[in-house]
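One structure is given here, and the rest of the page talks about it.
Chain nomenclature is as follows: A, B and C, assigned in order of appearance, with residue numbering initiated at 1 for each chain independently.
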Amino acid sequence: MSQEIATIRVTRYRPEKDSQPFFQEYKVPYRHDMVVLDALNYIKAELDGSLTYRWSCRMGVCGSCGANIDGEPKLTCASFLHEFKDRTITVEPMSHFPVIKDLVVDMEDFMEKLVKIKPWIIRKKDSLVEEGEYRQSSKELDRYQQFSSCINCMLCYAACPIYGLNEKFLGPAATALAYRYIEDSRDQGKDIRFPIVHEIEGVWECTLVGECSVVCPKGVDPMLAIQRTKILGATNAIKSILMPRGGR
Amino acid sequence: MEHHNHDIVIVGGGAAGLRAAIAAVELQPKMDVAVVSKVYPMRSHTVSAEGGMAAVTREYDNFDSHAYDTIKGSDFLADQDSVEFFVKEAPRESYQLEHWGCPFSRDPDGRISSRAFGGMSVKRTLFATDKIGFHLLHTLFQTSLKYENIHRYDEWFVTSLLVDKDRVEGVTAIEMRTGELVTILGKAVIIATGGCGRIFQFTTNGWIKTGDGMALAYRAGVPLKDMEMVQYHPTLLPNTGILITEAARGEGGHLLNKDGERFLKRYVPGKMELGPRDILSRAEMSEINAGRGFDGPYGSYVNLDLTHLGEITIEDKLPFVKELAEKYLGIDPAHEPIPVRPGQHYMMGGVHTDMHGFTGMPGLYAAGEAACVTMNGANRLGSNSLTECLVFGAAAGRAAAQSAMKEISPSFGNPVQGEAMMEEKRIFDQLLKHEQGERISGIRTEMQNEMEKDVGIYRDENSLKEACRIVGALKTRLKNGIVEDKDHVYNTELVSALELDFMLDVAETIPYSAVLRHESRGAHFRTEYTKRDDAHFLKHSMAYKTAGPPRIDYSPVMITRWKPEERVY
Amino acid sequence: MKMETHKVAKLHAILWGIFSLGGMIAAFLLPVMIYMTAIAYPFGLWPFSRENPACPSCLTLVRDPSLLVTGHLLGALFVFVTIAGSLFHGIFRFQSALTEVGLLKYRRALEAVGYFIIFVGIIVLAYYLIAWYLNGTIT
């Protein structure tokens, strides 16, 4: 039986050599249970040691290996070759991020956004650990659980046209995370977090394209988080006009 | 050469490293802490832990029970003082994590839920569905962002420890983005780089688990303890090695052979699927060797059957198992069994430390899987390792902070400057400049296959000696390995070469330690010495780096209240 | 911790609230209005009725769509919310569309023009409706 072949076209860009990104094509032996990451690993091990990309867990949870695969932001470890026509697959770096090398993008902007929304429990007064856990019902957990499932893979930013136009936009994952803390019954930091998400470049830039929620590999719905955060913003603004002296 | 100065330099940004960083700044808010990690911290392999974290939090449970389970699980090789310290700190660390926001699953009364786990005599494993590692890591990472004195060096690859007169004064690291070698000096260094599963071919571990920290300490003169104790987890997907959590059995899943029989009744009748991992992995291999396994394209396997649990339990308690089975095998575990086989999962052994993470070398600490405290002995119980990262990460962070308060900052002069220059030369003038030679990926594959073949679940004198020989030969070959990518910017191939260099050093200690242990204990099973031998081997092996092969020495096991007895489940 | 200042986009929040809620209500009311003016009235369907000799006592709610406005305060409000809500939703969405197609450069200017037209329209509409309601006739 002759070995079946898949063709992988990968964006190459090595800043020390190349002035422009270009495509390089590789032929890899095809197996039905192969993911795009397996193909990249084959190329790096057997064909071209200089191909550069990030990966680690190969099970869809570390969030390292996002790329634009045939134009769609996806995790390379969770995209099977057999899903693509003709076994010809184009792999490019995620859109909207500066490229460091080949498929490796600069994620500093995202890291800054992460810090900006203060992703930690804010309490007016911390309870002692000796007193045991804060009680939380399953219902209260349900209110934020899906938003705590974000793996920071940034596919949603690669999919968001608004982020592509305006990098100051807080964007899907960071808002989802902010909303995760806003909805956590243990958190008391709404007054601190609201002004951050309700800035003009917080949630208001979002025009409800919804691609973020489509591409999320973990079933998080950032668009929902953004919409709910907008509703909170609108009601707060109206309240503050109707009850200027603190109606929260 | 560029250099940075901090009070504490932590190598590794997973559970142990981040917990250490937070502990240090909480103890002393002015403490200037650097977390140096070769990946962004939320990519650390802690993220892949699934089942849960053990701690005594219930009325029906007590410290002695947790300690005894752990010690029995370790086949009495654990240091019992460390275990006692561990079980007492475990609830505190769990509640602390909850206070920091970890989205634990809850009981109807709002308390953290606990589930059954292998080798634990009661339900004491706290969980967040089946993604505790992911949630724990993100909770710690996000909490760490609160502290302005925690400085991160994300995607910086540490290449060596800088040592001045037997005192560790910092590290050299490649800033991957620029490709420059930089020194980061500190009054204390904590190693929290996790395990080295990638020295094996079939492992649950992520690509980044290359034993960097173990090798760093080992090269600096600290012994690696109990390295022959390698945990093989019983339930990995046969193709990829992706882990199917023990929680699947904790929630009631069954292991079945080809005849549809719950074969564990022949091996651990008292515990069945909740037996410890070492025994279960061997039981699976026995079934397969007896011809009662299934044959598949990736070798023989047995079935993990969850179909009787029902869709709701799987959805609520094991959503990640469902996701993994659906995505990577195309099967719905509510309707079809999951094929599994045993594979490398965890290193009980690691950098020798005391229970405060101190390695014995001034200025150097270690915690988490990279370290060997030792509380896991010859076999770790499932769900103890995350708690271990928190308890001993915090302990190491505090100990390092206390020591740093007394020390003065190292200065960037000799000998560390000289060492750093040598390191720069080794990497950029030698390794990167090789034009002719062998591709490193081939050497890596050979190492992985050899470790898999000869240092696996069953070992004997011949296989181990063969492994010693081959790994030694691979080390020589790596000296002539080439890195094709000559760029400085983000050179992952260069990093891989340095990782392989680390892995080979670490890998070598395993067969060398194992060949001298003429007994079977916990995960270490010798086909010619199938019984435990307390008279001769109730002791820790200590592998020291020499110019040649590792030198193996021994240290006593600390026994406090639990005398070694036969380990029957 | 460093002090940070965040400028909450309060006006934008309120505009978004009107866009969202107003748009939703307008979307419900618009078909009602179209039904009344474009279908029910010309064809004499409920609630309008041509003279029905067979049934003099049949309930006839309104005879003339203009009574929608002049007949009742709620009627005037109905017309106002439908038209103003639609206009507002339109301009807000227009602004989003400008962002999506990447006309960021012109967005502020187009936005300002758009809002100006819409607000003027809404004020004129309100003026006429009030006058109509009060006088029963267009002044």
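Going forward, contacts are C-beta pairs under 8 Å (C-beta built on N, C-alpha and C of every residue); 3 or more make two chains touch, one makes a residue touch a chain.
In this text, all values refer to a predicted model and were calculated from it rather than measured experimentally.
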Chain contact graph, described as a line, ring, star, complete graph or other shape: line
Longest centre-to-centre distance from subunit A, chain (CA-based): C
Chain whose averaged C-alpha position falls nearest the assembly-wide average: A
Interface ranked first by C-beta contact pairs: A-B
Separation of subunit B from subunit C, taking each centre as the mean of its C-alpha atoms, in whole Å: 64
Rounded Å distance between subunit A and subunit B, as computed from the means of their C-alpha atoms: 27
Whole-Å separation of chain centres (CA-atom averages), subunit A against subunit C: 39
Residue list for subunit A, restricted to those that touch at least two other chains: none
Subunit A partner contacts - residues on subunit B that touch it in the complex: 39-40, 42-45, 47-48, 57, 92, 94-96, 98-101, 103-106, 108-112, 131, 134-135, 138, 142-143, 145-146, 154, 177, 206-208, 239-240, 242-243, 320, 323-324, 327-328, 439-442, 445, 483-485, 487-493
Touching residues (chain side subunit A, partner subunit B) in the complex: 14-17, 33, 44-46, 48-50, 52-64, 78, 100-101, 104, 107, 111, 114-115, 118-121, 126-127, 129-130, 132-138, 141, 144-145, 148-149, 151-152, 177, 181, 184, 186-187
Subunit C to subunit A touching residues, read off their complex: 6-14, 16-17, 20, 96-97, 99-100, 102, 104
Subunit C partner contacts - residues on subunit A that touch it in the complex: 161-162, 165-166, 194-196, 198-200, 202, 204-205, 207-209, 230-231, 233-238, 240-241
